[in-house]
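Structure in structure tokens, see below.
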Amino acid sequence: MPTEIKSALPALVVIAPAAAAVLIFAIGRFTSWLKEALALAGSACALVASYEIGLAAFRGSALTSFGRQLYADSLSAVLVILISGIGLLSIVYALRYMRHQAAPGEAQHTTTPRRLAVFYGWLMLFLSTMLWACLSNNIIMLYVAVEASTITSGLLVAFYWDKRALEAGYKYLMLLTVGITFALFGCVLVYAAGAHVIGGARGLLLSDLRSVAGGFPVATVVLASAFLIVGFGTKAGLAPFHPWLPDAHAEAPTPVSALLSGVMLKVAIYALVRTVSMFYPGFAPISMFVLALGVFTLVIGDIMALAQDDLKRMLAYSSVSQMGYVLMGFGIGTPLGIYAGLFHLLNHALAKSLLFLATGAVTYSTGLRRISDLGGLAKKMPVTVFCFFAGALAIAGMPPFNGFQSKLALFIAGAHAGVWWAVILGLAGSLITLLVALKAAKSVFWGKPSAAVSAAAVKEAPATMTVVMVILALLCLGIGLYPKAVYRPLNAASAVVQTVTSGQPALEAPCPGALPVEAGTPSAAPPDTSTHVLPRR
Amino acid sequence: MSGVSAPLIHTLSLAMIITSFAAVEARNLRNATIAYLFQALLVTGLLAAYSVQNPALIFWAATALVTKAVLVPWFLWRATAGAEQETKPLINFGVSAVLLLALLATMFKLMHANAGLFIDVTGEFAALAQTNLAVAFTIFVLGIYAILTRRDAIKTVIGLCLLENGVHLSLVSLAPAIKETALAGIATEVVVTVYLLLYIIGGIREKFKTTDTFKLSELHW
Amino acid sequence: MVGSLEIVFVLLFVGAIVSGVMRSWRSAGVTATVFVALATVFAWLAGWKVLLGGGAAYGLIFRLPTLGSELAVSLDPLGAGFLLVITGVSLAATIYSIGYMSIYRDKSPGTFYALLQLFIAGMAGVACVADWLFFIVLWELMTLASYFLVTFERDDPAVARAGFKYFVMTHVASAGLLVAAIVLWRLTGSFAFGAHKAGLMGASSSIRNVVLALYFIAFATKAGIYPFGDWLPDAHPAAPSGVSAILSGVMIKLGAYGVLRVFWGLGGAGAAGGMMTWGIIVASFGVLSAFVGGLTAMRENDAKRLLAYSSISQTGYIFLALGIWITFAGRVGLESLALLGLLGAGFHILNDAIYKSLLFLSAGSILYSTGTRDLDRVGGISRVMPVAAAAGLVGVLSLAGLPPTNGFASKWVIYQASISGGFQFSPFIAAAVVAFFVSLSTLAYSMKFFCTAFLGPSSTEGTEPRPIPGTMSFAQAVLALICLAIGLAPLWAMRLVSAAFSSSLPSIYRNGFFGGMSTLGAGGEAPAAWSPIAAVVVLLVCFALAQIIRGLGRSSARSVPGWYGGEEHAENDLRFRARGFYSPFNEAFPKVYLRVPVPRLPGLGRLRSAFDLDTWFYNPLVRGGERAVNKVSRSHVGIPQLYMIWQVAGMVLVIAILFLIVR
Amino acid sequence: MHAGTIAINGLLALLLAPLFDGVTRKVRAIVHSRKGPPLTQTYMDILKLLGKEDLRCTTSAIFRFAPAAAFASFLVVALLTPMGAYPGTGLNGDMIVWIYFLTFGAAAIILMASASGNPFAKMGGAREIMLLLSVEPIVVASLITAAVKSRSLLLPDMSAHNFTAGPSVSMAVAGVALFLALQATLGRLPFDIAEAESEVVGGALVEQGGPSLALLKMALLMRQAIYSYILVQVFIPWPALSPWPLMLVSSAVKVAVIFVLAAVIEAVSPRLRIDQAMTYMSRVLFVALAALAFAAIGV
């Protein structure tokens, strides 16, 4: 285990957005700008704090608060930075997006300042719950936090309060709550089993459970992992527990969709990995099952994405498939596989939120969402075109975008572990993804402007939105060109899971994700992997 | 068996199952709500009864009383104002009753037999724990049954509550030493979820002019 | 150290950025040309050094020893040969684009030239790496850039569709490439060419064949080999002509490059039997696409589509030669035969690169000058562009492989390879016959292309032909001159080709330069090059003789109006449309050429559709896929209870499975 | 190959080609029970044409120089063709060069036709190509048969091999195929589709007059002679006669015989439509391929 340092940072990360939310609910509605200011402040504060956490965690230490109730190791740090970063970006994006007066067409919504306050309030709560979930060290509290993130986002999904939104909201809450309740059952089982061995108090702490999980009775392990997989899997949108996902992601306001797809799914996967992975060393077949589930998910997700005409639904389904990839990485279970899974998690978070935001920009200026209604936007919205194509190629895994790096890592990991069927299916899946994304891209932005488009006076989205998109696009490109940048954090994070998965933690396989390292340097640097991975005693 | 009398617990459990059954089967939502209220009270009572075995459960019982027995029924009562008659379920009463009873019996037996999977059946309160687990699991399944077979959105919410009650009841045996904060968190979340669900269902009622979940299929493939 | 090779890529990327911000076509074009020209100079410096000096240039950029992969510009003679062709042709196309692209008034010049230079960089990079991992990366970069170039007229949905088809097909193929590379990586723990070669040699025959199949399909798809390269006839016409020239001239040749790389040195050494089979497979796909491409081109009336089909056909020749090489490589006593095939392939790659890009450029000139590509509606434009017309004439003569052009020189080697290969393995004789026939059909469609567009009365249907800017004529003229030069001094070019294969010419080739027309010893020993100089001298003597004879009568010359059976006609009525060419032949073709081998094959339409993969393969595939997808997606009916059932059932299932597998 | 034999080849081609044509015309006349022109008639025609004025319907350079080019290319082919018997005279060319120079001439004619801008001419050019497409494969197939038998691509080697090795099944079949195709290669009825005076008024040649026409006629006549010579030299080179001039005479006689046969066929048969011609040629091609197959299995 890494050295633990007591610190206020994890608490700050969780509390700052929550405090902002409270303030927004309290006084946000009085002035026009206060709620936005508070939201920005809260998320920015969270981002800074999580960056600090990252600095510490990637150096191999773990920060704890509230007597180890919050526990930030490098895995949590990666997630936290991701969440607060994308959260901040989508809030910046939302500044104009949520205010905009209706364009003609589907997304016609006038947002009163009062409801805006509600929106930002819930958004901040949503952020803080997700951050909490990633930091919580208490297995029951992990469940609580995840469920809380469902609740806080429930009203955001139904925000527009029209038929579709309400239906989506109902399904979202109902299906997810049931699913998460399974997870609670799983957590409780684990806790019960752990409590037998190491006593009640420590039996709650993930950090301690890991060490003893190997010794649990088989039946308990099976039931627990089954409940955990289904429970958190529902939240993570794994097939066949995914149907809530496209509805919710499609009907939510775009910034929220970006957060749901880009971050919330990752939180669920994080919870899944944190809990289930503790059984890997003792019970290898579970990882095999996780792998199979991941592959199944990615295939189903891709197939469903093919059939969509609604841009946002299409993106949502492709999120399903991408989560399949991530899970595939964790299912392979080798250090390389886990590295690849995390890497893809990161890349998908960036690319998918980029895509959702770009779609939002299209909806913003045209008021349309159906691919068949759109067309020929390229001239009108040059920046959006660039961003959308960047995102599309990124999730499709084309070099030189980041998706390629992580998928390559994934496939090589699969080949290394000898699970060829998964590799082949994964490749096929990524080809379908390319088909889907590119088809959408070209039919939305190229060709002749459709009647509806030429009817609407289309113009490029305002700066606050384009800037966010461009930042994300550049990140996609940058990581694709220079994966070494994220290599150390990810490597450290995967080391955390590896201490659980493989008895010996060293990353014996290389990290192809870190392809371009700068000239001269030997390479994907096993030395610094070891510095991260080996426990400090 | 100092303090806790097995018969009491058994009667409570049985009564609880019956009330839940009523909550599922009652066609009038208000009646269902009332049934649920009783069920929740019984849960509280049961928790209180167990508290002899584990003092921490007093707090748990208190929370349950507030959340399950007061707030949730109140929300339901408010939500059902005006629309008391449930939309026709998938499976009508006769069949449902038989099915449900069979289900309950099997589940109860199943859990009672396999409780060993979850707890050590050797300890002092083993018998009680076994019963409790069985009951909890039965109610859990009952809740799922309700959600699956009832077309009325509000009824599905009631099912959800039952399901949660089942899980929470199981905590008593599975996680005796669990922290109050966690329990409070779990309990409050259920309430908030129910509140939000009912809030949204209210919206659904005004927009869709019905609470039939089968009408909620505008978003498909 | 930064060798001139690294500079090439630096220049191209910088050029992409610089010209990317330009706003006017002219400035952007000139800038891009300057950068590409500089890059070409450096590339040629390095390339010649490697090619003539032998050895290899090597500059490590970074290494991933744990992966056994490294990004390094490493140029061996083979890569050098391709690098020279790539940069040279690209430079010509870029110069051409300066004038040509001005027809895209409303488009963004920056985008075009940035993409163009990235494209060139990608191709050059493919030729400059010795590591499959980065080969694939650059390969995809090339595909990506070319995709956006092909879809440059993206307002036109047809163009967008064509580009999409191109991108998806090639990307699917290169996924196979990735699988193959990963398989070999698993075997060898390295991505280096050499290691994979060894791994391929060592692998069990089944694995080897699977990997080879993946490689072959990937590269055949890029090369436009029928039936894999179905994207080609759609994509090449869609692209701006300069890009089409690069696509057809260079990019599809990289498919052949890949085949060369994969099969290099696989012959002999135990693998010979399997390799022979592979050689026959490659050769037969080559013959097939030569045949199909040639015959389809004959009935095509769209200038650029016609050329696209002819690209398929010519690539078929190349693959035929490659097949011969693979068949006989490393077999004792037949080295010279294998070498003959290799030389034929390499030489034809070089020549086809030059004249095919030249022809695409002249097709572009037709489009530029008349605003249409439809050969039915153009005519007599040689009046407004004499230089380009002359260049085009050279181009079609080379395409038709008439002496003394370069096309003849390389085709001739291929014929000799296949016939003398036939002495060893008789099916190659049939290949030779087909090749002869195809070259005749090549003559047919190249004549159709040139005669209808450039000769005869000028069309009054299209807009009045307008002259083309000098840059365009210049690019074409240069390429044409190269065609003639190589045609007249084939040995000079073949030395380079054989140097690229780091082998030397067969002795007879070397002394054959001013020797007799040809001497082919028995036993498939490599024959001598024909001596074009001698032939041309003889030809000129005869020509002079003819002129003398003509002059004997001291007859005066008088220019008269054309004679149309004594009647007066408007000029336009007198045009013999492109669609008129060979119509009887095209009607009769199945009767003539397929009744014998394929008894009672129904009419031409059916036959054409049999060749046309779109109608009977890809479209049904897509439609079937859509149907299946819809079936699946219909399961999401939207009723919450159903989803809930999935959850519960899934729950039970998961528990069951886990109980089964966890022990 | 010393210059002498080359000169001999050229002279033979230039001098005998019109004579053979004269023979044909004579025979045709006889079959039609006419008196017919003297054997030297074709010489006269060509000389007369040389004297006439040269009509140009276009300024195109292609149109102007194509006739000479066609003439030159066929003359080169003539130089490549073994005309004396074994060892063949002429340049030591191989079959590929031979075929391609024939094609070169054809291409020159087609270009000229298109340059003239006359639809009849263009149609004639197109037909020329179509005929080429249906005939050349037969020629190629039979020549490759010979190549396979003689293990050489050189026409003289082929003739020499057949000469020494004596007749063989495959060579015989190939020879038959070539002969069956000959009518078309000679461009005579029923296959004079390209010129077809009555339909396309001389086809490719329609716009030409005077010396240009003379050159073109000469070129076409030479082509006829060449094809017949190939048939004779490669497939029926026997018998050997001791001093080589005798061989020249004998082969010339054989060629003349072939021309006679061709003339008879021409005289009695009407013109075919192009598609009928192709159907016919496809059958012949089948024969040629059969020959190739025989050669492959070595009989």
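Each chain gets a letter, A, B, C and D, in the order it is written, and its residues are counted from 1.
Note that a residue touches a chain if its C-beta (ideal position, glycine included) is under 8 Å from a C-beta of that chain, and two chains touch if they have at least 3 such contacts.
Please read all numbers here as calculations on a predicted model, not as lab measurements.
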Central chain (by mean CA position): C
Chain centre separation (chain B, chain C; CA means) in Å: 71
Centroid distance [mean C-alpha coordinates] between chain D and chain B, Å: 102
Mean-CA-position distance for chain D and chain C (Å): 36
Distance from the mean Cα position of chain D to that of chain A, given in whole angstrom: 79
Residues within chain A bordering two or more other chains: 167, 170-171, 174, 178, 223, 246-247, 304, 307
Of all residues in chain D, the ones touching two or more other chains: none
Shared-contact residues (touching 2 or more other chains) in chain C: 630, 633, 636, 638, 640, 644
Interchain pairs in contact, sorted by label: A-B, A-C, B-C, C-D
Of chain B, residues touching chain A in the complex: 117-120, 144, 147, 153, 156, 160, 163-164, 167, 170-171, 174-179, 181-182, 185-186, 189, 192-193, 196-197, 199-201, 203-204, 207-208, 213, 216, 218-219, 221
Interface residues, chain B side, partner chain C - complex: 90, 144, 147-149, 151, 156, 213-214, 216-221
Chain C residues within the chain B interface of the complex: 630, 633-641, 644-645, 648
Of all residues in chain A, those that touch chain C in their complex: 167, 170-171, 174-175, 178-179, 182, 218, 221-223, 225-227, 229-230, 234, 240-241, 243-244, 246-247, 283, 285-286, 288-289, 300, 303-304, 306-308, 376, 378, 393, 398-400, 404, 408, 411-412, 415-416, 418, 423-424, 427-428, 430-431, 434-435, 438-439, 442-443, 446-448, 509-512, 514-524, 526
Residues of chain C defined as touching chain A within the complex: 60-67, 69, 71, 133, 137, 140-141, 144, 151, 154-157, 160, 163-164, 167-168, 171-172, 175, 178-179, 182-183, 185-186, 625-626, 629-630, 632-633, 636, 638, 640, 643-644, 646-647, 650-651, 654-655, 657-659, 661-663
